[in-house]
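Chain lettering (A, B, C and D) follows the sequence in which the chains are written, and residue indices restart at 1 in each chain.
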Amino acid sequence: MTTVTQFSFTDFVKSLLWLAFWILMIVTLIILPIIFIVLFYVPAPEIEGIEITPYLLLSMMVNPDIGVPLLKATMETTFFKVAVFPGFTFAALFATIIIFFERKFLAKMQLRVGPYHAGREVLWWARNFGGFFQMLADLLKLISKEIIIPSGADKPIFWAAPVVLTVVASGLVALIPVAPGWVVADIDVGLLAVFALLGFFPLTALLASWASNSKYPFIGGLRALHQMIAYEIPLILSVLGVVILSGSLNLSTMVEAQQNYWFILLLPIGAFVFFITALAELERVPFDLPEAESEIVAGWLTEYSGMAYGLIQLASYMKLYALAALFVTLFMGGWMGPEILRFGPPWEPDLMIRGHMVLTVEEGNAFFWFIVKTFGIAVLMLLPRGINPRIKIDILLRTGWAKLIAVAFINVFIALGLLYAGVIHPVGVVGT
Amino acid sequence: MSGAGGIFKAIESGTKHLVIRRFTLRYPEQKLRFVGDGFQFDPKEGVGIAGYKGRHILYHDKCTGCQLCAIACEGIAEAIAMVKIDKTWNHNKKSIMPQIDYGKCVFCGLCVDACPFYALFMTDDYELAAYTKEHLIYTPDQLAVKVDYEGNVEIKIDDQGATHG
Amino acid sequence: MSSEGKQPEQSSQSKEAVAKVEIPPVEKGIVDKITTKFGGKAVLAYAKPRRIRFNIKPEDAIEFARFLNDEVGFDQPISVAGTDYPKDNVIEVIYHIGCCTVPEYRSMVFAFALKLPRDNPKTPTLIPVYRGVEYHERETFEMLGVIFEDHPKLQRLLLPEDWADIPPLRKDFNIKGR
Amino acid sequence: MIQLTLPSGIQVEPSEDGRILTLSVGPQHPGSGHFRLIVQVDGDIIVDADPDPGYVHRGEEKMCEYRNWIQNIPHLERPMIADSCGILYPFVLACEEIGSIKVPERAKYIRIIMAEINAMIFELYWLAIYGIFLGHSTMFMWPMGDRELLIDLAEMATGARVTHAYFVPGGVRNDLPDTFRDKAIRQLDYFKHRLDQYKDIFYTNPLFLDRTERVGVLTAQDAINLGVTGPVLRASGVEHDIRKIEPYDVYDELDFKVITMKTGDSYARAYVPYLEMYERINIIKQCLEKMPSGPVRTKLGPNPKGPVGEAFKRVEAGRGELAYYVVSDGTPKPYRIKLSVPSFRMIAAMPHLLKGAKLADMPAIYWSLNYWPVEADR
C-alpha cells in the first residue's frame, strides 16, 4: 500500500510566504547590521574626492561609474586580501571544490556515482555536476548538529583546537603568493613562517586528543606527533635545494627565480620528497595513521562532532590547498605561464568595466595559471586515496627517518652541485 | 625503491577505471527485471517454479482456509494469521483466509510450498515500505491485488564494463 | 528423514546393532588400535564409513586424547558438543576430532563421548592436548553447565553477563511461550 | 604513564610499571564488527588479547529444538547471510543421512552451483572489508560492486538476494530458470576479468605487501592444533579441503585444485581466497556443463519424522569446514543440533596471533582470519 502525500496549493503559497518572511527578517535583522558594522570599522577609501561613508556606500553601489572604482579600491585593501581573495574565502571555496571533486573523482575510480541528487534539478546547466549542493547539505548538517563534549574533557582546549587549526590554516594560506603583489603577507622569511605554522598542526592535534580524555584520540595524537617529527625534517630539507637555487626565503622571489625553468626540472628528487612529505603532513592516505579508523576509530577526531568536526575538516582541506599551492610556488613556477587568457580585444586586453580597469591581463593570467596548477597538484594529492592502503607506523617512521632524509640530502647536494658548477646563478638560471 | 613498479601498476589500474562505466543501479528510476512472475509452487510435482520472492498474492477462488500456510509459518516468522472474511465460498466453508504481517515475514516462501491448492504464490512486488506498522499487515483483500511491477533493467556487459540498463 | 509412517528398520541404529555391521578396513584399523590400547575402557559406539565414535570415561579422557593425537594421528579439533539427556540423567559431551596429517585418515571424523552425571558434570579439560578446544569448552560450560577442570578461563562467552538462569541448552530450560 | 579517566569514572588500571594500556576494540568500533577484543598494549605492541564474542548470540541451537526439520531452514541461514547456502548445506546433508533420503542427480549439481556462488559472495564481502580495514577504499567498493553480479545470479535462481532458503532435505526448492546457464557463463566470465583487476591495485601493491607480509605468521603445526580451518589452514600449507578429502554430493566428479600457500602470514590468508575464486568459477562452469536434466526435489510427506540416530556432516563453506552434529530422537523436531562453524574455531587463533603484534597489525590479522562475528555467536 502506498501513501501519496497530498499536494495542496494553499500550503505551497503559505510556504512561499513563510520563506519570504524569513528571508526578509534575516536580511533586515542580521545581514544589514553586519554589513554596517563592518563598514564602520573598515576605513573606506576616497573615490574622486568624495569621502565614502557607509550610508553613501549602499547608494553608490548601484551606480557603476562609482561602483567599479569602489570595487577596485576595495580589492586593494588588506581586508579584501585577508578575507576574500588570496585569503580565507578563496581558500575555503577552493577547499570545498576540492572536497566535491575528491568525492566525484574517487567515486568514478571506484565505479560508483558519488553525490548525485542534491542540486541536480537546481542548476540545469550543471546536470553533470549534479550533487554539488551536497556540500551545502553537509555544511548545514554539521552546523545543526549538537557538539558533544565528553565528560571529563578539558573544555577550553577541546573548544579551542578546531578554531586554532582553522586559524593556523588560514595563516598558512596568507603566505602564498597568488600573483605578483597578490599576497597577504609578503614577508622575507615566508618559507620559515610556513614551517613554523605547519608545526602547529600536530601539536594542536595532540592537545585536542589530550583534551578529549579518551584512549583512541590519545593514541591518534601520539601518532600525529610521531609522524610530524619523522616528516618535518625531510620536508624542510627537500625545500633547501630551492632556497639554495633561488637565494631567498621570500616566496614571491622564489617564484620569480623560476622565470625560465621550473625547479621541478632541476630538482625532481626534491619535488618528489616534498610531495610525499606533504601527503604525510596532510595525514592523507596512505599516511592517515592518526585517523586510521579500523585501528583507532577516528584517531584524534574521535570525540569531535558537529561544527567542531567541520572546522577541523575545513582546516585540513585548506591545508591541502596551502601545501598544493606551496608545491606550485616552490617547484612549478607559481603564477608563471604563457599568456592565454584575454579579457578583451588584443589592443586592450585588460578587464575593463565602463572604462575603469579592474584587472590587468597579467594578473588575470597569473590567477589562471596558479589556480590550474594548484588544482592539478591537489588532484595528484587526492589520487593515492583511491589506490593505496594505509601504511604501518613502523614503516612510516623508517621511511621518514632513513629513506626520505637521505634522499633529501642527495637533493641538497644536487642543488649545491648545480650552483657551484656554475650552471645556476643565485638569482636564476644563467642568462637571466 | 623495490616497490615502485607495484605502485605504478596500481596507479595505472586505478586511473584506467576512471573511464570504465559505472555499475550502480539508479534505483528509483531504474528497477531490476526478474525471472517469471514470482516464486510459485506446484504441489503435484512437489517442486517450486523459479521467481522472485516478493509480496504474496492470494487467489480467493482457490483458498480453502485449510491453515497449512499458517502452520508452516508458525515456527518461522509467525507472520500469517487466519482471519474471517465477509464473502462466503463453497470451497471455503469456514471463510477464513490468511492475513500476512510483513513486519514479520522473512520471505522464505515456505508457506507457498505448503499450499496444496495453488492459492498462495509470491509476486515481484518488493516495495512494501509503509509509515506505520499497521500498514504492513495485509488483509486477504489486499493480498488478492496483483501489482504490475515494471522492472526492465538487467546487467549488461560490454567492452566498457558492466552496467545496469 | 523419511515420510511419516515408513521408518526404515535398518537405519535405526541401536548401538549394539551397529557394532556387528561390517566395518570398512581403514576404520577397522583405527578401532583395533584403540581397543588394543584401552580395552574395556573405551566402548565402540559405532564405526560407519568415515565416522567412528567411542564412549569413554571422563577420567581416561586426557590419556585417550593424547593417544589419539600422538599415536593415531587425529590432531584437529572440530567441535565440542554437549547434549542433555534428562531421561538417563546424563549430559553427554562429545568431541569431534579430525585429521590433517595422515592421508588415509583425513576424510574421517573421530568422535569420543563422555557421559557425565547431570547433577555434577565434571571432566578434565583437553586444552593440553588440543589447544583449539578452549572456546568450545567454554561454550559447553555456559550452555550446559559442564565444568571443565583446570580450564584456564572458564567464564561466560556468548551469554550476557547478567544471565541468571539454568544453562540454556539443558532440556529443562524452556523458551518462553513455546 | 598517563592515567586516563574513562567517561564512566572508571580509572584505567595501569600495570605495575605503568606501561600497559587496555583498549576495548569493539563492539562499537569500526574495526571489529559485533565483537569485542580486549587488547592490552605496551606502546604499540599488543601484549595480551582476549576475544569476547557473544554480542549477537541468538541461540540458534536452542531454537532448532523447537522447530521441525523444514522450519529450521530459514532461521539457520540467519547467522551467515553472506553465505546462506553454505551454512545450510551440512544441515540438509545431515537430514538426508538420518532419514536416508535420495537426492536427485540434478539437485546435487544445482546445490554445488549455489554453494559456490554463495561462497564467492562471502569472499567478496570479506575482501571488501579487508580492503577498508587496511584503509583501501577502492578495494572496498570494487568487490562490493562486483558481488552484485553473483547476487544477481543467486537471485535469479532462488528468488531472494541474500537469504535464499533454497536447500531442503531432498534437493532444492526449485529448478534453475532456462536462461540461467547463459547468463551465468556471461557474468562469470566478466567476473573473472574483474578478479584480474584486483591483483594490480591490491595484491601486488607494495604498501599492501608491507602491511601483510610476515604479519601474524601461523605455522602449520599451530594451525592444526588450534583447529583453524579453511583458507586460514590452507594458507599455512596444510592441504585440507573437505570438497577434496570427503567429497559430498558430486564433488568427486569435478576437477579442481586445492590452493595452498606455505607462508602462513596475513598475505597468504588474503591471497588464498582470491585464488580459490578462480577455482570456484571453474567448478560452477563444470557443473553447468555436466548437469543432467530431471527432477530437483524428492517429495517428502508433510512434517517428516526422522528415525533415532545421529549424523555429523561437514562441508567446505566460504570460510572453511562447516559441520553439523545432528541428533534425532524420532520426533518431528531435532533433539539436538550443534553448529560447528568455522568462525568460532578461528577465535582460538586470535590471541595466539595477536600477542606480540603491533596495534596497526590488528586489523590485518583479525580480518585475515575469516572471522564473522554473527556466525561465531550463532
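FYI, contacts are C-beta pairs under 8 Å (C-beta built on N, C-alpha and C of every residue); 3 or more make two chains touch, one makes a residue touch a chain.
Keep in mind the model is a prediction, meaning the values are calculated, not measured.
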**Request:** Specify the chain most distant from chain C by Cα centroid.
**Result:** A
**Centre-to-centre distance between chain C and chain B (centres being mean Cα positions), rounded to whole Å** = 42
**Asked** In whole angstrom, how far does the Cα centroid of chain C sit from the Cα centroid of chain D?
**Response** 24
**Request:** Could you please state the distance in Å, as a whole number, between where the Cα atoms of chain A are centred and where those of chain C are centred?
**Result:** 67
**Per-residue overlap in chain A, given as positions that touch at least 2 other chains** = 109-112, 386-388
**Asked** Considering chain D alone, which of its residues make contact with at least two other chains?
**Response** 66, 138, 145, 201, 205, 207, 210, 300, 302
**Request:** Would you please write down the residue numbers of chain C that are in contact with two or more other chains?
**Result:** none
**Message:** Testing understanding: with touching defined as stated, what is the shape of the graph linking the protein chains, line, ring, star, complete or other?
**Reply:** other
**Complete:** Pairs of chains in contact here are A-B, A-D, B-D, C-D
**Fill in**
chain D contacts chain A in the complex at 2, 4-5, 7, 12, 21, 23, 29-31, 44, 131-142, 145, 201-202, 205, 207-208, 210-211, 358-363
**Request:** Provide the residue numbers of chain B that touch chain D in the complex, in ascending order.
**Result:** 2-4, 6-7, 9-10, 12-14, 17, 23-25, 32, 34-36, 38-39, 45-53, 68, 72, 74-77, 106-110, 113-114, 122, 155, 157, 162
**Fill in**
The answer for chain A against chain B in the complex is residues 1-3, 105, 107-113, 383, 386-388
**Fill in**
chain B residues touching chain A in their complex are 7, 10-11, 13-15, 17-18, 20, 22-24, 26, 127, 130-131, 135, 138, 142, 161
**Asked** Which bits of chain D are touching chain B when the two form their complex?
**Response** 66-68, 70-75, 138, 145-146, 148-149, 152, 155-160, 163, 165, 171, 173-177, 179, 186-187, 190, 197, 200-201, 204-207, 209-210, 295-300, 302
